[in-house]
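Paired with chain B in one complex and with chain C in the other, chain A is shared by the two complexes that follow.
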Partner chain A sequence: MGSSGASGDLSGEMEVDAFRRLFPLRFYERHLLESVRPDARPLGRARDTTVALGAVATADGSAMAKIGCTTMLAAIKLEVMTPPLDSSDEGSVAIDFHMPPICSPIVRPGRPAEVAPVVSKQLSDAIISSGMINLKELSLVSGKAAWMAYLDIYCLDADGALFDAALLAAVAAFSHLQIPAVTVNDDGRVVIMSGENEEEEESVMETPVTVVLDSSSRLVSLYKPGGPVLAYMSAVQDCVALTRQRVKELQKILSDAISDMEVD
Partner chain B sequence: MSGKTATAPTTYSPSPTQKKRQPIFKDVDWIRPDGRGFHQCRPAFLRTGAVNAAAGSAYAEFGNTKVIVSVFGPRESKKAMMYSDIGRLNCNVSYTTFATPVRGQGSDHKEFSSMLHKALEGAIILESFPKTTVDVFALVLESGGSDLPVVISCASLALADAGIMMYDLVTSVSVAVELCLDACSKLGDVMRSCLKEAASASQE
Partner chain C sequence: MEFVSPEGLRLDGRRPMEMRQIRAQIGVVAKADGSASFEMGNTKVIAAVYGPREVQNRSQQISDQALVRCEYSMANFSTGDRMRKPKGDRRSMEISLVICQTMEACILTHLMPRSQIDIFVQVLQADGGTRSACINAATLALADAGIPMCDLITSCSAGYLNSTPLLDLNYVEDSAGGPDVTVGILSKSDKVTLLQMDAKLPMDIFENVMQLAIEGCKAVANYIREILLENTKQLEYRRGR
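Moving on to the complex of A and B:
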């Protein structure tokens, strides 16, 4: 009690910002006692989320998603490939998540962020295993040509909730994707004819848990990477319930964005 | 990736190949493909404070060329081992894979980082941050031509947003002949008014 008493005495004298930097755990604990976050959000509520489709004009499908300050830009470019023998009537999707140096002070040009390949793998697993994309729709000429969809997601501003924002941007980009009409020319080539949690909180947390649900609220993936905290059933069920609520919010945001696009 | 293929398959883009380039500069009244006259610049959009995580940042859109620049610092750098009584500037320019019409062409511009460095180092008062480093990182979201000048102007604005002391703003324009000085001074005025707007908005 002695040491916490000492920090308690100091807290009366120093400014909020200094206290936040020096004693981050106690700062968040004081807020949790009131069931509120530092920016006055209640614990169950997510930050302002926006989705904009068609952010990149040169891509076949694109979207920009923002959760609070975290900004993700996703774009899909379609190229033609020869499908491998064992899946000759299916196309393919290549998912890449990038964290360029602009997004965060911890990323340097020679030293990529540790979290980038983790989020990249989580994303590919979630997208491919959810069956969201029918690979057979990406086939052009069975055995000879199929679409390879290169999905690139760039983080433009990293402020926590990276996986959430990236997944939202990826799903929105796929919903915006329009496969161009193509024909095969004489050489056999295909040608186009004359379409929450904020960063600071996450560094203090010991064990993040990520839950992915599809639009009918079935569980797609549950990710809990080790950590000193054991997951009791009740805690996992609370996470799933929160996710279910968030799915409804996100569906509304996505369908609003899509219907805005159609009006134009 | 699904792990079905051991190596990535080669792919090609189905877009029609570019037609042979017409000779330009036939006469002074020549109209460009996007409807601009010989002397006209593209419409420009500049905004500071694009990236929350950075000390200073700016977003620039000149026609179809879209660039974000973040400035971090002055901060400690592991690379600089020796004491130095002037600061260091570190620049990096990178492209997104979808910036160019053909995927992956942006890696042809590796020299842009050092050209950005040469453009900015003369204007920054390096003595104001000894021992430390200022990092300037640029990401080209869409390449619509004249990329390096847009990156330089945007970087200059981002440095101002970060509060790094400079002798003056650096503007850059790519032009055919003698119009450089006029165009640069016009762009400088636009950038100054953007900064004034940002400063007065933050005071309210």
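Moving on to the complex of A and C:
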């Protein structure tokens, strides 16, 4: 990083850390010219991902997912409720995403993270609209009683890729969920991608795109919340291709985690 | 209900003077200046420390020492029944204040004037003794953050059921309605900074129970010291010494 760039700035004389703080965009552009990222990852590769099922013993289903340093803890608690008249033979799922102050220096008591309700809504939409969970399986007595599944996801460490890690944790928690006296198997597991990034990268990026695919590679959701115009359709197609690759990786990680649980 | 069987075993198979298994880990939150997770049996707690950093609210700034703030919150799934209001309720605010004042007793705040030290504690699983676990986790997190302290504060609880002093109550024993004594001490100097008790207890028995809790605190302090030494060795090793 010592060589002077074509731009006449102080990059040649400054220390790497100082340059990173003061000129973040140029710092990343320098790396992108070599098709690599600051932590030496190639552009298409994701950070180390791990999933651990059953992290919370008191919950009916739980999982802890880590992507790099980002850590999410998801837990599901079941409660019996009376289903509303228009969906009398279905249960219900309530999804809540929390970013407690431990996860990041920008979250303080009285000043909650702006991104928390956004991710919460994204998660809700993706999980419910994908039909991953068969609500009819949550019904107990038609019209009288059904399960209400409260899914709470806590971010324990926020280092970018929040939605990805949260969705991974949510899916893993549902696959670990055991309804008392009935075991749940969800069909068509939803897995996620992204060109996923650390927090610093995200803050200099112009526009993040999130793509959600299910296990048969059907597009479940596409999310590009405003921002500068994407010049070419091919950029979106590249994202989808990257997702497909990541889906395979994540499916393997998830099924390894589940088979480890079954061995115990 | 019988909490201590005639053979002298408690509901979870422990002896009356036996603590639950303790497990601690430093540096669990990468973003925080210092962090630690602490487990006492089934009670799991994560503490993160941010600071010293600029005071958020200028009007609260103290010119000759650091401002210490603490927030205690429980995850929705941490207790048996799902909690509706995990923070902002009276119990959480009281425990936040207790932890804040306890840690303030050992932090050398005069070394960091006009700054703020935030201690955040999140309870992931609650099975009795959350207050003590939070204080122990906060001590480790402060040490990990490198904040100057005069001593390590450790905490443990004890109770008295079926005419037996019991160390480190779990949730079932705690909710039995018997007395519950929580003690926090400065481990080297043997001084008590936190002492809370509820329910009724004769004075001489209280002294026994408090002594038992202090023994528990010392055991936790030894464990914490081991963890910190191990952590320092790891850091030295990574530095290449």
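Criterion: the second predicted complex is superposed on the first by the 239 of 264 C-alpha atoms of A that agree within 3 Å, B and C clash if a C-alpha of one lies under 4 Å from a C-alpha of the other, contacts with A are read in each partner's own complex, and residues count from 1 in each chain.
One rule holds in what follows: contacts are C-beta pairs under 8 Å (C-beta built on N, C-alpha and C of every residue); 3 or more make two chains touch, one makes a residue touch a chain.
Quick caveat: nothing in here was measured; it's all calculated off a predicted structure.
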item	value
Clash or fit, chain B versus chain C on superposed chain A	clash
Partner chain(s) touched by A:Ile258 [first = chain B, second = chain C, both, neither]	neither
Chain B versus chain C as contact partner of A:Ile102, first or second or both or neither	both
Partner chain in contact with A:Val118 - chain B first, chain C second, else both or neither	neither
Touched partner set for A:Cys239, first chain B, second chain C, both or neither	neither
First (chain B), second (chain C), both or neither touched by A:Ala52	neither
Chain B or chain C, by number of chain A residues touched	B
Partner chain in contact with A:Val141 - chain B first, chain C second, else both or neither	neither
Touching partner for A:Asp157 - first (chain B), second (chain C), both, neither	both
Contact residues of chain A, present in both the chain B and the chain C interface	56-59, 62, 69, 71, 73, 75, 77, 79, 96, 98, 100-105, 108-109, 150, 152, 154, 156-159
Chain B residues touching chain A - in the complex, by the definition given at the top	1-2, 4-5, 8-16, 50-54, 57, 64, 68-70, 72, 75, 92, 94, 96-101, 103, 135, 137-139, 141-142
Complex interface listing, chain A residues touching chain B	56-59, 62, 69, 71, 73, 75, 77-82, 84, 86-87, 92, 94-96, 98, 100-105, 108-109, 124, 128, 148, 150, 152, 154, 156-159, 180, 182, 189-192, 199
In the complex with chain A, residue positions of chain C that touch it	28-32, 35, 42, 46-48, 50, 53, 56, 69, 71, 73, 75-80, 82, 118, 120-122, 124-125, 127
Footprint of chain C on chain A - complex, ascending	56-59, 62, 69, 71, 73, 75-77, 79, 96, 98, 100-105, 108-109, 111, 150, 152, 154, 156-159
